[in-house]
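We just call them A, B, C, D and E in the order they show up, numbering each chain from 1.
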Amino acid sequence: MEWDWEFVRQIMPTLIDGLQITILATILGAAVAAVVGLVFAILRMVAPAPVARATGFAVEFIRGTPLLVQLYFIFYVLPDIGIRLPALVAGVIGLGIHYGTYAAEVYRAGIENVPRGQWEAAKATNLTARQTWTHVILPQAIPPMIPALANYLIAMFKETPLLSAITVLELMNQAKSIANSNYRYIEPMTLVGVFFLIMSLISVFFLRWLEERYARVDER
Amino acid sequence: MIDWSGYIGLILQGAWVTVELTLMGSALALVVAFAAGLGRLSRFMAVRSLATTYIEFFRGTSIFVQLFWAYFVLPFAGITLTPLQAGVLALGLNVGAYGAEVVRGAVKAIGREQREACIALNLTRYQAMRHIILPQALPLMLPTFGNNAIELLKGTAVVSLISLTDMTFQAQVVRAQTGSTLIPFATILVLYFVMAWVISLGMRWLERRAGRGLDGVRV
Amino acid sequence: MSEPIIRIDNIVKKYGPLTVLDKLSMEVMPGEKLALIGPSGSGKTTILRILMTLERISDGFIEVDGEHLYHMKKDRQLVPADERHLHLMREKIGMVFQHFNLFPHKCVLDNVTLAPMLTKGMARAAAEKRAMELLDMVGMADKAKSMPAQLSGGQKQRVAIARALALSPKIMLFDEVTSALDPELVEEVLNVMRRLADETDMTMLLVTHEMGFAHDFADRVLFFDRGKIVEEGKPGDIFRHPKQERTQAFLRKIIAAGHRV
Amino acid sequence: AAADENKLEELKEQGFARVAIANEPPFTAVGADGKVSGAAPDVAREIFKKLGVPEIVASISEYGAMIPGLQAGRHDAITAGLFMKPERCAAVAYSEPILCDAEAFALKKGNPLKLKSYKDIADNPDAKIGAPGGGTEEKLALEAGVPRDRVIVVPDGQSGMKMLQDGRIDVYSLPVLSINDLVSKANDPNIEVVAPVEGAPVYCDGAAFRKGDEALRDAFDVELAKMKESGEFAKIIEPYGFSAKAAMSTTREKLCAAK
Amino acid sequence: MSEPIIRIDNIVKKYGPLTVLDKLSMEVMPGEKLALIGPSGSGKTTILRILMTLERISDGFIEVDGEHLYHMKKDRQLVPADERHLHLMREKIGMVFQHFNLFPHKCVLDNVTLAPMLTKGMARAAAEKRAMELLDMVGMADKAKSMPAQLSGGQKQRVAIARALALSPKIMLFDEVTSALDPELVEEVLNVMRRLADETDMTMLLVTHEMGFAHDFADRVLFFDRGKIVEEGKPGDIFRHPKQERTQAFLRKIIAAGHRV
């Protein structure tokens, strides 16, 4: 089986349609994950013990089970209890909740990495709890989180092909559908790989930049 | 009415495939993680670039693409793998690329000071790596390796897309035969979670063993 | 001077099974300059941290400026202090740390103005004016716009002192403020502290291993060992004629290690 | 492709043939014990036995992945109800026809959108059709002019029924017998069947072999013809609801030439 | 003693645009005890690190024990040293670090025996016998089975000294070996070093801020500033009657900071 450039030219527009859906799902999923992660992190750090423990268990459960199965669950089981989500929405929610558990860890680590001396200095200068958070802790905790969060964004991007299992016509699904109707896997699959590789190489540079930009302020 | 015991049997068969994939994939991942992670720290430019290319390529493309490649495209290059081999290969190389960065990070984290002490004691690079750096780096790697193994376990669900009869796939089969969606999926969710939980228990046990005597103190 | 500004009454501090301070009592008069010395682990830092309310005590009472620190009156009873009470009490006390603990994301000036603006509601202009005076006093006015990362250890510590002074506390606590510094940078910080001791009537508590400085600086020296005050007195007496065996042993070691007394 | 005359010998030696199936009763099915059945594999199993290959090993695959899998050497044959069509005939070597069926719709009781043909779906901008990816129904819908975003690729029959019940799609289209099987399993009074779909041809499948394995295909055909003759063929497929007569009244040549 | 054991000839060390050592030359005689003093950043550590081959030089030559350190002869030409040559040269030199750099995953005894067994192929029994003698000398024999994390800073440093001695180097380098220690622990390390200086004829180079100790320990003192040797001489001369302005200023600061000379 030979590589066929003519075929490549022919399928490109369809693949680009798929890429757009992929990117849309990634962005929406990231937004959901950022919020869900914050909720998880806050519940785990400050909620009363039973709630915190339940949240901890939920987070562990979600992190310990495959996103694919979770997507099936959201898409095919939830309608039984009256929740019928459009495929893309179900996908975005699935991605968001799954990656929200990762974001929660990043938030927590970022906050815990602010040295104890900073909390103590805030106390010694008599700042209130709120002032300590807003003026001392968060401004130091957030910048180092950004590269880690961006890392998960990229990971999520690479997991969007899972949405094809719940009928979202993203890049992978378009490629499969092309492959299916033309009986050729080489070109569409390779192109999908190339798309992913290009996007990740771009994001590697973007990440490096982020890491430099938000490098830890190395003074205590 | 529905032969549930038979279907549970089917899911358990799938669970075994999932376990096999996870174990073999992890073994492969471990080997390539060390090879590529240390390769990236090599003195030789060629080795470094090779390792870097491998890592960036496998981290950059999606596991799905890698699976489909291993399954549908490699045969045209004359390499025909069974679905299980293709699954192990793709999962192992994919997770191995992430593991390589863990190895590299841990080795580098055993700071300059330890490496300088090795030079001052006239150890060769190999001796320093073998006796000083790796024994200290290993405990640092373990927690992330544990996470990677769980990621790999979750990744096995994807092989159902290349019709490997893993747990997720068998759940689909059961669903098609019985018309019930909730029961097979709820069952495998619990099974996956139990497997992930076993992995983290095992890793914690290893960490305790490896960390013995170190007490988390860097000198 | 009549009433002590700090009265520590039989306090106990435990970490789990470890008793760090054991029924300790002491008093400090307003304006007094006190040096706390003693071997490592004897509880010197712990006392300062308790006064700064960074740690709670396990038992006993502390009064600062006539008010209970860890207790407050409610319905004529003494109950454990709540966060509001602690907040009020902290106004009276400032602390300088061994590792500076400057806010790394704020420039020198902002480090000094932050707390007055937030806790006292000072206007920015007023806060900055006062901050510049303080920075001038510690010799750091020209670095007002620098970030902490750009400063040497001695410079950082002088900024930290200015930051603590900006809240005009009645009591200042200094915990080994020079021991994280390169030897040549020590002097610039000590000079600032000497001026402070001479020119203000703030009450000061100082933990240090610099015996020479403790000697010049303090009105009174307390020698700690294992959570107790073993000996106290005028610097001249303690350093030249220590009475207790443990004090003598400690000073001998320190002198042998090359520190001047 | 270089002809591989020894393919059959190879299979005999190895003792089994690897076939792709779809898990779409009654064409193909997997029992609770994991045993493969359904009309297409049952026929293939018999024929391979007669050819001296005692077993078939089935792997379940998406329709779209079957031909690439065959080309990549993952399967020795496809026995899945993959209907013969000219493009497919160009891609693989089909045996003579085995299972024939017309197309059907499953839809909501009373057919609220009045859909009777793929053209009707194309004309109604609200109608969404579900079909297996890479299957005949997807193609028919696209060819009738249904835009891509109203043709939902459904991974399997059960998902299709579920999506229909949940109102995510308005029509689910499969061959008549498959739809009947699904609907009877679902046992849902709110679902009805339209069969056959107006204007859609009757299709027949055959066992599909790799181009180059024509020798194997020809041997297969010989045994198939014998079975058709002896009535053994009808005995296997008719309990599943297929008509042996339909398969015997047409030929590969006709089906591959049909528009 | 005739020939110098170390001959440093016009070496230059740069980090990017920064010139840390600027055409520096010096010689050390066998058995000599040398103290390197000078302000922070003057290049003292850099010299030791270059001798230990932890850093390469940008220009110049170094000879150790009659052989080139960073060059080797090949086809009658001097070419840059390869890893094998450096390996051979390192046998002559040992180093003790400011932060001990013990191997935290090995017990005290294994820290000391590791290098002799690996680099000299010593049998375990012989290596352990020698290690116990050395540990005994530094007063750490009873802790042979302890892990580094269980030791105090002073104890760690004494183990580090034993570890370096186990390879029997001709030259020992000490980089501020007491400056990471609590003041009371300094003396126990200095005592070990005094014995070492008295009892062996090893060549020793010592970087320190402990002027008192430098005075007692060294045969010769070199005063560094900005990558150059500004002044050198007998300890008594340098400390009592420094000739250079910069040396005087430095000593004044150090003394003011409470260090004994």
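To be clear about the criterion, contacts are C-beta pairs under 8 Å (C-beta built on N, C-alpha and C of every residue); 3 or more make two chains touch, one makes a residue touch a chain.
Please read these numbers as outputs of a predicted model, since none were measured by experiment.
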Ask   = Which of the two pairs, A-C or A-D, is linked by more C-beta contacts?
value = A-C
Task = Specify the chain most distant from chain A by Cα centroid.
result = E
Inquiry  = Based only on mean CA positions, could you tell me how far chain C sits from chain D in angstrom?
reply    = 85
Query = What whole-number Å value describes the gap between the mean CA coordinates of chain B and chain E?
reply = 45
Chain B-chain C separation of Cα centroids, rounded to whole Å = 52
Gap in Å, rounded to a whole number, between the CA centres of chain D and chain B = 38
Query = Tell me, which residues of chain D touch at least two other chains?
reply = 62, 65, 68, 72, 155, 162
Request  = Give the residues of chain E that touch two or more other chains, as numbers and ranges in rising order.
outcome  = none
Request  = Could you list which residues of chain B touch at least two other chains?
outcome  = 72-73, 76, 181
Inquiry  = So which chains actually touch one another? I want all the pairs, not just one.
reply    = A-B, A-C, A-D, B-D, B-E, C-E
Ask   = chain E touches which residues of chain B in the complex?
value = 113-114, 116-117, 119-125, 127, 131-132, 135-136, 213-215, 217-219
Query = Which of the residues in chain A come into contact with chain D in the complex?
reply = 1, 76, 79, 84, 86-87, 165, 167, 169, 173, 176-177, 179-181, 183-185
Message = Which residues of chain C touch chain A once you look at their complex with the stated criterion?
response = 52-54, 83, 87, 90-91, 93-95, 97, 99-105, 114-115, 118-119, 147-149, 156, 163-164, 167
Query = So in the complex, which bits of chain D are touching chain B?
reply = 23, 29-34, 59-62, 65, 68-69, 72-74, 155-158, 161-162, 185-186
Ask   = Taking the complex as given, what residues does chain D use to touch chain A?
value = 62-65, 67-68, 71-72, 87-88, 91, 133-134, 138-139, 148-149, 152-155, 159, 162-163, 165-168
